[in-house]
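Same chain, two partners: chain A is paired with chain B first, then with chain C.
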Partner chain A sequence: MAILEFERASVHFGGVRAVDHVSSEIEQGKITSIIGPNGAGKTTLFNLITGAYKLTQGDIRFRGQSVARLSPHMVHSLGIARTFQNIRLFSSMTVLENIMISTHSKLKPKVLGIFIPGTFKRVEENMKGMAEKVLVLLDLLPKAGYHASALSYGEQRRVEIARALVSDPEIVLLDEPSAGMNVREAKELIKFISQINKDLGKTVVVIEHNMRVVRHISDKIIVLDHGCKIADGVSEEVLRNPKVVEAYLGHSRLTTYAHVR
Partner chain B sequence: MSKKRLTQYVLLAVLLVLVPQFVRSDYALHLMIMVAIYGILVLGLEIILGQTGLFSLGHAAFFGMGSYTSALLVMRLGMPIWLGIVLAVLASGILGFLLGFPTLRLRGDYLAIATLGFGEIFGLILVNWDSLTHGPMGIPGITRPEIFGVVFDKRMYLYLIVLLFILALAAAFRISNSFLGRTFRAIRDDEDAAEFLGIHISKYKILAFIIGGMFAGLAGGFYAHYVTFISPDSFTYEDSETLLAMVFLGGAGTVIGPVVGAVVLVLLPELLSFMVQWRMLVVGVIMVLVMIFRPQGLMGGGMKFLKIKKKEVARIGEKE
Partner chain C sequence: MILQQLINGIMLGSVYALIALGYTMVYGVMKFINFAHGDVYMWGAFFAMFLAHFLGGQFLPVLILTMILTGILGVLVERVAYKPLRRAPRLVVTTSALGMSIVLSNLARLLIGSATYPMPKVLAVHDFKLGPSAVINNIQILVLVTAVVLMVLLNWFVNRSRYGKAIRAASEDQETAGLMGVNMDNVVSVTFFVGSSLGGAAGLLVGMYYDAVYSTMGYAAGLKAFTAAILGGIGSIPGAMFGGLLLGIVENFAGAFLSNYRDGIAFLVMILVLLFRPGGLFNAKIYQKRV
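And now, the complex of A and B:
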């Protein structure tokens, strides 16, 4: 079943067609990868889903309901959480606090409640409990009290994923989760993404350049180039598609020849 | 609450009740009262600037709003003073909303300039709305509060303002330790990321201005009935600037830091009064030295927000 549908989704910045007439579907409970060369419009597509940009044309529907006019925090409370390509943790806060921030959509805390002793305590403990559960899942509990900026790069990436998971979303959007990871960390990531998908039952959408990761995890691949969708479907099929190869490697005789061999 | 903690609180309370009884000089009492008034004011600015990172140069306007609201309601409509002060808090909160709403999209320097303009507009209204505010002449002879038929003297004022200050401090700490404070700090660190994580940042930014305004309104309401004379001169840009200096001197984002800043910047000029012509120069030099050697403020820890400030301060230091 399609949980997220793009219908001729387009966004133009002046003359630049960052995303142009993209129609596709994200299946519920599957892992979908979005790939494409730099500047293909992958992150822009994420920004469209999460409400950072407004669509110039077309529509994006989550469970049949249009999300095109919603602001980012509303999209988040519908159940679509994301991470960022360049890590954006709150650097003056601890890992635990970073994750607790993301529980608002779920708990909807009341501001005046903080002056009622019982309510204050209950809300704080709820937030902490939710955050700690995710920290255990991501093996980050020993780091809970550290400042986010004191963590290694790979750990910071994991905190970002934890922050996306804590609100118990339907769809998790991961923007280049393996960027800056070494081979071992990337392997762990593959395991972890399938765990999110299988054990927690989340729909996962990944933007990824690391083909090893893409090949291992994807149920479906969508390929973008210059803002247009050039292919989508089952992994092996899409990766062998000549158009996709051309987008990545160019079409000089040498590379096409190399591909044929 | 543990027993030890309770004993500490009781001891502190006894101390706060007894100490003023032994202070004979009116001047010393006056200074303590001014420290407490500025203490409440900076707690408000701490929430706007220190926690949420919204650079506000118009905090004196909230202070003035509180003062004028309570003074006018009591003088013109004959309301009881206590109700006047409560309404002053509300009025300043509303003013906070009026400032927060149109400036939602502004950040950094642009927000600073907008709030500066806001403060100036407020001052101009005070001066020019003659029929309501008496213009530059100000409002003299504001009613003093009384309790059981006894008109307040300096010592009673001190008890009252210390009580209000403790309430304000407790509220500020509670805000800082709750999800609200965390949300404010998240907005300070990266407001776009916060929005993507499900936080309605517009709501919380306006809320920061409202809460900050309410603190200032409380201080203002008390101030009007304490000095019994207010005029637009008491709520100028320079006052906003002093408050800003208190926050940074003590340490933005630490709650207690700005209060320490208020203590230092209220008392220091008075302690130096033996060298009348030089005292502001000395205060200035001390400010510059603190900013060079302790840019995170007297009470500040090592926070990134303040490290950025460090560079800016260093630049300003070079120019001087």
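And now, the complex of A and C:
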């Protein structure tokens, strides 16, 4: 079943067609990879889904409901959470606080409750409980009191994933989670992404450049180039598609025979 | 003499600090100087005057109601003058704030009048002798205690509460905070409410201390508090508290020894501090640009 549908989704910045008429579907409970050369519009697509950018044309639907006009926090409260290509933690806050922030959209009451002491305490403890559960899952509990900026790069990436998971979303969007990781770390990441998918039952969408990761985890691959979708489907098939090979390696006699390995 | 000036300075400084917090909090989240804040403080003094008139000598209810009313005024100002400009360049919002400042002070003159009004007595004055030449009265003590209690509460709110965390997150990176599910409209409203209510409290305290409320009182106090916020490092909450105290003390000593140059010396201190620490004393990392 499609949980997220793109219908001719487009966003134009002046003359630049960053994402142009992309139509595709994300299946519920599956892992979908979005690949493509730099500047293909992958992160822009994430920004469109999460409401950071507004669509110029077309529509994006989550469970049949359009998210095109919603502001970021509303999309988040529907159950779509993300990480960032460049780590975007709040560096002056602790790891625990960073994660607690992301529980906001799940909390009630919204504003006035902050002035009622009893409610206030209950909400705070609720936030903390949710955050600690995720920290255990990601093996980050010993680091909970550290400032985010004091953590290693790999740990910061894990905090970002924890922050995306804490609100118990339906869909987790991971923007280049393996960026800057070595082979061993990338292998662990593959395991962890499958865990998010299988054990927690999340729909996962990953932007990835690391073909080893893509090949291992993807149920489906969507390929973008210059803002347009050039292919989508089951992974092996897509990776052998001549258009995809060309987008990655350029067109020449040599690459006609090449396979993306 | 020195002790007396120190007492007066700390008292004046704690009021500056309360007002400065409004500038610094709004700057932290919205990245512009809310020049209407001084006039929100003035309205706080007028709200306090009316409340004191109707409620009589009950300090705490007057304080709480003044803070709530001024907080609501701050939220309204934001809705009318800043919210439509959320994505506009900061210079445009700052200009809108200047306009709002004029609107608020003229509104006070139109609705209430341009005279100087006495503040109805909330407390009877008692003097306490501190040594041979220093005197402190109960109103001064009340001003100081109230300011300190409010600042402690604010610190707790910002560090411990859900919206405090959201305010800190938004000061660092508003876009990411939104994408992590924080409703920025609510955060901005809470910021304006808290900042303005502290300004309102300052209005009550100053009105009580000088026994005078008038429609242009927001101008000088606003400018001083803004200076205090810059001095401490705008965007930094401890900076605003410390900057306010420092400015109040410097100003009082300058006034005592070189009476004509009181304000000049206060601003000179600011210039000197900024020459050596351009980000202010508590240079908050919060507003450093992401690379």
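In this text, the second predicted complex is superposed on the first by the 249 of 261 C-alpha atoms of A that agree within 3 Å, B and C clash if a C-alpha of one lies under 4 Å from a C-alpha of the other, contacts with A are read in each partner's own complex, and residues count from 1 in each chain.
Operating definition for what follows: a residue touches a chain if its C-beta (ideal position, glycine included) is under 8 Å from a C-beta of that chain, and two chains touch if they have at least 3 such contacts.
Predicted, not measured: the structure shown is a model, and the values here were computed from it.
*Asks:* Assess the superposed three-chain arrangement around chain A: do chain B and chain C clash, or do they fit?
*Replies:* Once both complexes are aligned on chain A, chain B and chain C clash.
*Asks:* Of the residues on chain A, which ones does chain B touch that chain C also touches?
*Replies:* 50, 52, 71-73, 76-77, 81-82, 84, 88, 90-93, 97, 100-102, 104-105, 111, 114, 120, 123-124, 127, 163, 167
*Asks:* Show which residues of chain A lie in contact with chain C when the two form their complex.
*Replies:* 50-52, 71-73, 76-77, 81-82, 84, 88, 90-93, 97, 100-107, 110-111, 114, 120, 123-124, 127, 163, 167
*Asks:* Could you pull out which chain C residues touch chain A in their complex?
*Replies:* 160-163, 165-166, 168-169, 172-173, 175-184, 186, 189-190, 285-286
*Asks:* Which residues of chain B touch chain A in their complex?
*Replies:* 171, 174-175, 178-180, 182-183, 185-186, 188-190, 192-201, 207, 253, 303-305
*Asks:* Can you name the residues of chain A that touch chain B in the complex?
*Replies:* Going through chain A, the ones touching chain B are 50, 52, 71-73, 76-77, 81-82, 84, 88-93, 97, 100-102, 104-105, 109, 111, 114-115, 120, 123-124, 127, 149, 163, 167.
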